[in-house]
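Please go over the structures that come below.
Two complexes are shown next, each including chain A; its partner changes from chain B in the first to chain C in the second.
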Partner chain A sequence: MKIRIRLHGRGGQGVKTAGRIISTACFLEGHCAEDSPMYGPERRGAPVLSFVRVSDGEPLEERGYIEHPDALVLLDSSSVSRSSPFYGLRTDGLVIINAPLLAPKFAFPSVAFDVSSAALRVLKKDSVSAGAAALACKALGLTSIESLSEAVRMEMNEIGLRPELIERNVELARECFSSVPTVKSFVHAHDPSPTDSNDESSEKLVEIPQMVGLQPIAAIIATGNSRLNETGLWRLTTPRIDYSKCTKCIVCFVYCPDSCITLEPDLTPHIQYENCKGCMICATECPLHAISEERAVPA
Partner chain B sequence: MKKMLTGNSSAAWGARISDVDYVCAYPITPQTEIVETLSSWVNKGALKARFVNFESEHSMFAAAGAASLTGARVFTCSSSQGLIYGLEMLYSIAGWRAPLVLVNVSRGLGMPMILQVEHGDVLATRDSGFIQLHAENCQEVLDLVLLGYKIAEDSNVMLPVVVNMDGFVLSFARQTVDIPQREAVEKFLPRYSHPRPLLGLESAPVTYGPTTSDGFVYSFYKYQLHKASLESRKVFQTAAQEFFKIFSRRHHAVEAEMTEDADYIFLVTNSYSSNVRAGVRSLRAKGEKVGMVKLKMLRPFPREELAEVLSQAKAVAVFEQNLAPGRGAIIYPEIAEALYHSQERPDVLLSFIGGLGGTPLGMPEMEYMLKKCKEFLKTGHGPEQPLLLYRSEDWESMKHSLSKTGLPVSREVS
Partner chain C sequence: MASNQTTIDTAYKTMKDTPREEYLQPGSPLCAGCGGEIAVRLALKALGPKTIVVSVPGCFGLLALYPYSSIENSMLFAPFASGPAAAQGIVDGIRIQVEKRAMVDPGSKVLVLTGDGAAYDIGLQATSGAIHRGLDFYYLCYDNEAYGNTGFQFSSATPTGSSTSTTAVTDSSQGNSLRKKNLFEIWKAHNPSYLATVAVSKPVDMLRKFEKASKMSGSKLFIAFSVCPTGWRSEPRETVKIDRLAVETGVWPLKESVNGRVTHTYIPRKRPPVENYLKTQRRFEHLFGACGSEHTLQEIQRDVDEYWRSISI
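On to the complex of A and B.
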């Protein structure tokens, strides 16, 4: 039997570390495990993924992204509202989410625990990777609490945390582990036949045409298309302009590194939130302190 | 000792347990983790080696080759554009007969610029004289580094080795890797000593890589290089047997699986071998007589072994992750040549290109390749080759991307 887990979160949240903790715990438990992070540049706040594959010994003959996971681990509930993480989740798949117990209802069975609050209490900061990994290990019945604790120690040591912080992460992991039920036992996990390994055969291949002209040459002539890259998804903090204080000096407009502040003819500034990545340079530069900081998600 | 390691850290461990003396580094994604790991070990004293970060891959390879001639065991690594930038030196190193190990982490060659896997980089080095070994998983990365030194330093070979792993899919994926004990490695890989080290001693002068204007001189040495490379097939076999005795893991230049009764064989290299194996298993479960052949050694080219395992099949699908414009896939013609003089040979030999930049290889691709082979067998007519494996959903995304470029819609050539 095999189980495929896809983790969703945001750059800086520890999505990769959470994946590594799960797979190391499974490895210590004697399972066959594999993990890999998302490919490409990881930016703070940007949506990121990582992947874990576990089996009880059969070789894991798959590579790359997991398109059809058996379980999702969502490191914060903003990943639900901002992008749909449910694509490809098997119909009997499980959603494991860091959220208050009154988590949003999904079309899938779910396990929720407020890891963020526990982390704020235990670690004094919202650092959820160990806790989220613990939810997965327990909810999926993958490992014992001992293997999990050891995995947290190993992975947190690997990223260079101080010993006392490591132990507090272990404490957080143990609390999360004890707070959720095992919903699916690993041994009863959906056991896909090899035909259904990582992709559905319904996907068809096509012969792509040969083209002449400019399109077959990798070139872009459209301007202003960086706007299409919704960097607003990266935002952990949101700048808000207090127009009662604003003198329309346009300093924020000049300093915004992503040109996502527009001006009305009378120079009133407006922040374009689709692209504002929340760097807060505008707030730092505003001479009138008219821009305040609002947390988009607890970070 | 079993550990969860990425392909990159497995390569670093390979260098560490081979007790290398000199590490030549120049970072490039997706290879940087290898040099980072090695530099931290050297810094902490866990690896007693000299670590030098160079100003370019070209200088890095030059230093690596020269250091190897002094009798130091040398490790270096690169990827993609970096490898190609240093390509000139790879021919020199091979010509100097400098037995070092270079790990390449395969990444596509721009343009367009990409960080994901394609084998154009490592295959561009195929005619340099380097022995070329390709890894399927993280364990093989480590094993092939060990085997690499063993073959390279053999007195009948004295050639550099490139060990290839796929960028991202292997370099950043963690798997369980068995790291052998030091004593076992020492037994397998005794200290390297060069028969005539380049030490700058007045008492033992030596010049490597002299210049000549005579064709007969040039021909002589080039031919010796070729012969030494061919010789390394035997050396690899012996080394692999010894490796199995000590470490209980088998390695062959050509690895055939489920081919005994196979009518259709998929040929593959590197990490996508795992996908092909899973595909072959599931096609077998549906009653298809399929098998696979994994090419672990690309240079020297194991043509006899290949001919032997492929000749019985009705059709062979050659899957490659490279594209030589105006030619097709790079390894395919070599397979055709290997089979040319076989008494029995497959009726159909088809070339498929996929996984470029990390595109998927799953059941749709496996079924498509099988279907094309069957059609060809039945009708006697084949498609124009190679066939690119491209998913319809990817084509939809591509059309969407094209619409965003602002370029006028181009005409399709029918």
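On to the complex of A and C.
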């Protein structure tokens, strides 16, 4: 049997690392496993994907993007609103999400846990890759807690984390693992469904289909139209101006990398939230500390 | 016009004089907190709407990424090593059209916009040729001190001690063991009409330099200190703060060369220890703590001290 997992999140959140941890844990458990991130012009904060395939011994001969996953791992709730991550999910598919509030709204069975809050407590930052990987390993019945812990150590070491931070990630993974049920059992899961007849593995020559939403490169004849690209969805934190403190010194306007702060004729600044990426340079630089920070995405 | 030596002929006296027009539009695919993006935004404000941008592979090539473009100006995407050659083509093309009376002189400024990989390494010879020929163009190198777009590999602009994906920290290696190439001196040896280093934490200095250059003809070259939160593993919110620390610790001197005469446009009098700057970035984290490298730290400080001594201010 084979299981295909697609992970969704944002650049910098650990989508690739989460995929690696799942696949390494599966490998240590004795399964065949393979993972790959989506390559493209993705950036910190931009939507990114990674893919994991696991089998109980059958060779994994398919490559490339996973169009029909058995499970989705969503690293935060923003990936739901921004990019409809459910496309291609099999009818009996499982949604694993770091956001307990959203889960009941899905048309698919789901497993949810607030990994972000646990990460903020254990790691002192919203770094969710180990926790999200743990949810997947447990919910899909893929690995033991030992294989998972070892995989977290190996992968976190690989990306150069300090030993004490690695151990805290292991702690986070173990907490997440223990907090969710196993809803699919790897050995029995996924009876062959009609879609399996044109299963991606049925042919040796693998075609990589074009993914929904990705665009080819070509000439652009409209200049300065990137406002249409709603980079405001990247935000993890939102800057808010307290106008009672603002002295209209325009420091925020000068330093905004993305031209997202506009000035009224009397120099009152306004933040344009459709595109503000939430870098928070304005808040750091404001000499009056008139710009405060709000967490943009409720976990 | 300057009436005496203390009055400077400039439209930029304080930050409040920063032009309101935006040529870089919101929604670019660059990382949140990208320092180089601030540099490009300010440069375009100073150069204005008639600027034609030539970009090459690198993060800022993505300023035009189908179906979006973040730049109001026209933009041509050239091969990695060929930015200045493409600029020559545009300049010549316009000149010939004007000579043939096929168009009225549009008064364009051609700006080559590349990273350090292109400027310090692969595009060095094309730039050398263009400056040597006295090409009337602008070159803005946003120096994020590595090949950022492809995953932060070492370039000849990478400073001593920085870890990159190709200068890893191991038991026997403390990151990059080589020194940063001195592109300012290399470019200067070609006798460009104008050459400057800039940093976004000094926006008035930066705007003035572009203003000054745009009154001159010939090759006008800029190297912009460009904090890269993704590659430098720094906090996006600290980009301008880190930039300021680089200037104040003396790591990034602000200077210009007008027809070969070099002046420092800002002199950091106090120069706090370079550690204050290095500690803001996890690419240098191995230099600190129990198994840190005192030796590398001293070497970095010594180089900075030596620089400021050598210019004898």
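Operating definition for what follows: the second predicted complex is superposed on the first by the 225 of 299 C-alpha atoms of A that agree within 3 Å, B and C clash if a C-alpha of one lies under 4 Å from a C-alpha of the other, contacts with A are read in each partner's own complex, and residues count from 1 in each chain.
In this text, a residue touches a chain if its C-beta (ideal position, glycine included) is under 8 Å from a C-beta of that chain, and two chains touch if they have at least 3 such contacts.
Quantities reported herein were computed from a predicted structural model and do not represent experimental measurements.
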item: Partner chain(s) touched by A:E61 [first = chain B, second = chain C, both, neither]; value: first
item: Chain B versus chain C as contact partner of A:S36, first or second or both or neither; value: first
item: Which of chain B and chain C A:L228 touches, first, second, both or neither; value: both
item: Touching partner for A:G160 - first (chain B), second (chain C), both, neither; value: second
item: Chain B versus chain C as contact partner of A:S23, first or second or both or neither; value: first
item: Touching both chain B and chain C, residues of chain A; value: 215-216, 218-220, 222-223, 225, 228
item: Touching residues on chain C, where the partner in the complex is chain A; value: 15-16, 18, 20, 22-35, 37-38, 41-42, 62, 64-75, 163, 168-169, 200, 203, 229-230, 236-241
item: Residues of chain B defined as touching chain A within the complex; value: 2, 4, 111-112, 115-116, 168-170, 172-176, 271-272, 274-275, 277-279, 281-282, 285-286, 358, 360-365, 367-368, 387-393, 395, 398, 402, 404-414
item: List of chain A residues in touch with chain C within their complex; value: 11-12, 41, 43-46, 160, 215-220, 222-231, 234-235, 249-251, 253-260, 263, 267, 272, 274-281, 283-285
item: Complex contact set, residues of chain A against chain B; value: 20, 23-24, 27, 32-37, 39-40, 59-65, 67, 193-201, 203-216, 218-223, 225, 228
